[in-house]
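Both complexes shown next keep subunit A, but they swap its partner, so subunit B is in the first and subunit C is in the second.
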Partner chain A sequence: MQNQLETTEEEECVLRPMNCELNQLSRPDGSAMFMQGDTVVVAGVYGPIEAKLQKMMHDRATVETMFSPAKGPPCVDDRAKETVIRETCEAVLLTALHPGMAISINVQELQDSGGLLACAINAACLALIISSISMKFTVAAVSCMIDRESGKLIVDPDSTQIQQARVTFTYVFEGIKKDLVSCHTTGRFSENELMESLEKCRAASQNIFDFYRNIVEQYAIKL
Partner chain B sequence: MASQYKTIHPVKYLRDYLAQDIRPDGREFLRFRSASVNVGAISQADSSAIFKIGSTTVVCGIKAELAAPKADTPNCGYLIPNVELSPLCSPKFRPGPPSDQAQVASKTIDDILINSSALDLTDLCVCIDKLVWVLYCDLICIDYDGSVTDACLGALVAALKSLTLPEVQHNPETGAIVVDTSDRKPFPLKSLPVSTTFAIFDEQLLLADPTDEEESLAKGKLCLVIDGPELCGLYKPGGIPISQELLSKSLEKSKKRADLIRKVIEAAVTN
Partner chain C sequence: MEVNIKDVVVPGDVAVEIMKSSEKERVILGPGLRRDCDRVLVTKAGVLKRRKPAIFYVDSYQKRYVPNRGENVVGIVTQKAGDIYRVDIGAGELASLSYLAFEGATKKNRPDIVVGDVIFAKLLVASKGMEPELICVDSHGKKGKLGVLSPDGMLFDCSLSLARKLLHPSCQLLTLLAKEQAYEIAIGMNGKIWMKARSVHETIAACNAILAAENTPPAEMPALCSSIARNLLRIS
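Moving on, here comes the complex of A and B:
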């Protein structure tokens, strides 16, 4: 009986507990420290600021992203993460409002225990919200995996679960119609597995959007 | 007149075409460009391939060298793909250290190969903890006209498929290595992953196999990697959100394309 109770509880609460501190840093226009389970990331947004001459675009703002790992200099893996974060934020921002300017998004990893990319995107989105820069929509990133042995789909796995993963997916959804903004996968999977994981993550993304709403409301009262 | 118009209003130029249900190069929206592959053109390399999609051209050369394995994976060899986007291939690239784009391309190709488990790195082992093969896969783009990931993966897979490695005699006690270049064995490749790129425009319009011009004006990009009945990669780095139907549509299209590309590569390798 005890066991049964635990499993149902596990299924209901699909995402790891989230926690967030907004505007902890004084210099950025918006900053967020976002925790998903034990994965912790700090994101800071400056913008619109003056663009470097060589990166300046005459019709819209350039989006610069910097992803710094917890230790060591950024490597090729981090470049790939940076690209996903940048292109996702570019989709989110109304860059045409600030021609010739730059928006700089800086993400610092503090601790990784699974779902780092998803956590980084969520932190960046919260930082953008709190910096009150114009956005088309908000985004929520959800990671999930399929277990190697049981073939079970686990949403928002932690680092111990990920070691048993056959496939991992990271999806980013937009807040209006829940359409897919970004997607990153590792491992081999079938079409059905893709569709199933997409549906589950789409449902789970609602929790993140609700969390955004709550946290922003809390901070709005403080102001 | 058309060329001036294109230079002054590139976005409107493309939109005018798309409004007429056709693309600037005369293709329909979901039509791919023709692909061709040539294997073994570079005799100095252990294996090589040239892959063309329309005018996009990528040359792949594989050089095999012997080295000591990493301590934590004593029975695994190395595969090191390196994509080079030289200033020759497009005015977007400047001489100097590899651009972010080239680094991300190399990483994507590496990821796809690992994810597809097309090659078993233990096959590259000569003597456990002492000697393994390192495959340096240099992918050089000589004409950058869109869908470069597809061309890179095609070239790499074709080159790997035709790769032969010489027999090595290694004496663990003395450390003497004798390489018999006359006796070469084909390297086993377990599967043939094929990637297909799509560009996405406003109102969920999908263009298959975009050219560079379309890619740079597109609102989003989607890259699907198909390997047999399964997928081994779905990459969409941001851009305009896509609906479920669009994803299914692109999936179906890319499966057909993957079958075709696989046949092209297999035919080229067997000849």
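Moving on, here comes the complex of A and C:
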């Protein structure tokens, strides 16, 4: 832990170690278990499947998401996460290719030690990649925070660091030009803080894209 | 990121080589590629491949079937509604199969099909926003190899890439397997495989051989087949 904190000070865009397991679940068309530090999330994707009649759209596929917390029924906060994940995935998918169908993304939290939303979005993106649904680009989510006392910016904080946070940001970037896709913040911050954290997270997101490519490379050997 | 043929690609990559080669010949973009103004973008993760003369596609691992016109599929009859059957082919929605789409079928002479039958059929209609439609005859009105598959066989699911691999002319597995034992097989492009050998033991052994082929490189396939045959001898 100590060691990791030191490296965070040296290079500012260091993320916690990432790991993933693919297609562990047999039922979904694609599933990924994604670990970022101690935060673990499983995402499963079904689709394109038949849409429910009241949700069917005649010109594109509907995207449904379900976020389930580690324990208990989903609360308001979880619903908000669900919305962020859904709208991000809608931006990612080429929904016009499957009109009248639905794409269902189920995300299950296993353990939360900071950056849960970012981890959930990354897991969902990996599951979409593995299920071979047509996508415009890949996305990577990075969380960061500003410390209450020191005012220091920490990229990808863990749960102990996050308790000292004045502000938290979660940014989602796309893989082509690294443009911002979606953004979720808590707390009060100035414009400069926003821009500074955005640039740091943008630099850090490259690690996640490299990770995706690595995973696909290992996976593609079988083909 | 810019990628070339035989590279591992992820969605959002730009396939540069395709635009260069498009001077004279007609370029065909297969699954996993789309055109965006003057660039070709990748939409699926996998390996970018080229087939002569200029067919480009991304070879990817996939489980969910998306119907394509003219492909042969294996399906299960799930419903009988008026003059059509509803067939589950593993796609987003059920496919329809008219009772007239069989060899020699007339309004009075209906084919003998019940719910639960396994069918090997060809996709006649498969387009966006339309229900897929199956037929069990070719354009000459002959059934050929299509039709109801015997209930003695075994139906199992596999990935779409495995089905494509088995159907590829260069795949040796089916020939090697045939040297060890006799069997009948129907491979659907939708990742459903129906198989029947002389006994239940042999059927299960052959199914296992096929499922194991997913992770077996072509060079090791003879070894795989002979080990299955050896195990079979031990049982019987």
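Please note the rule applied: the second predicted complex is superposed on the first by the 209 of 223 C-alpha atoms of A that agree within 3 Å, B and C clash if a C-alpha of one lies under 4 Å from a C-alpha of the other, contacts with A are read in each partner's own complex, and residues count from 1 in each chain.
Note that a residue touches a chain if its C-beta (ideal position, glycine included) is under 8 Å from a C-beta of that chain, and two chains touch if they have at least 3 such contacts.
Because the structure is a prediction, the values reported are computed rather than measured.
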Clash or fit (per the criteria above) of subunit B with subunit C on subunit A: fit
First, second, both or neither for A:S182, with subunit B first and subunit C second: first
Partner chain(s) touched by A:S190 [first = subunit B, second = subunit C, both, neither]: first
Partner chain in contact with A:M101 - subunit B first, subunit C second, else both or neither: second
Inter-chain angle, subunit B to subunit C through the CA centre of subunit A, in degrees rounded to a multiple of 10: 120
First (subunit B), second (subunit C), both or neither touched by A:E174: both
Partner chain(s) touched by A:P48 [first = subunit B, second = subunit C, both, neither]: second
Which of subunit B and subunit C A:C89 touches, first, second, both or neither: first
Partner chain in contact with A:V76 - subunit B first, subunit C second, else both or neither: first
Three-chain overlay, closest Cα atoms of subunit B and subunit C, distance in Å: 13
Intersection of the subunit A residues that touch subunit B with those that touch subunit C: 174
Complex contact set, residues of subunit C against subunit A: 8-12, 32, 34, 41, 43-47, 59-64, 66, 92-93, 128-129, 161, 214-215
Residue numbers on subunit A that touch subunit B, as the complex places them: 76-77, 79-80, 82-84, 86-91, 169, 172-174, 177, 179-191, 194, 198
Of subunit A, residues touching subunit C in the complex: 29-30, 46-50, 58, 94, 97-101, 129-138, 174-176, 212-213, 216-217, 219-220, 222-223
For the subunit B and subunit A complex, residues of the former touching the latter: 100, 103-104, 106-108, 111, 114-117, 220, 227, 229-244, 247, 251
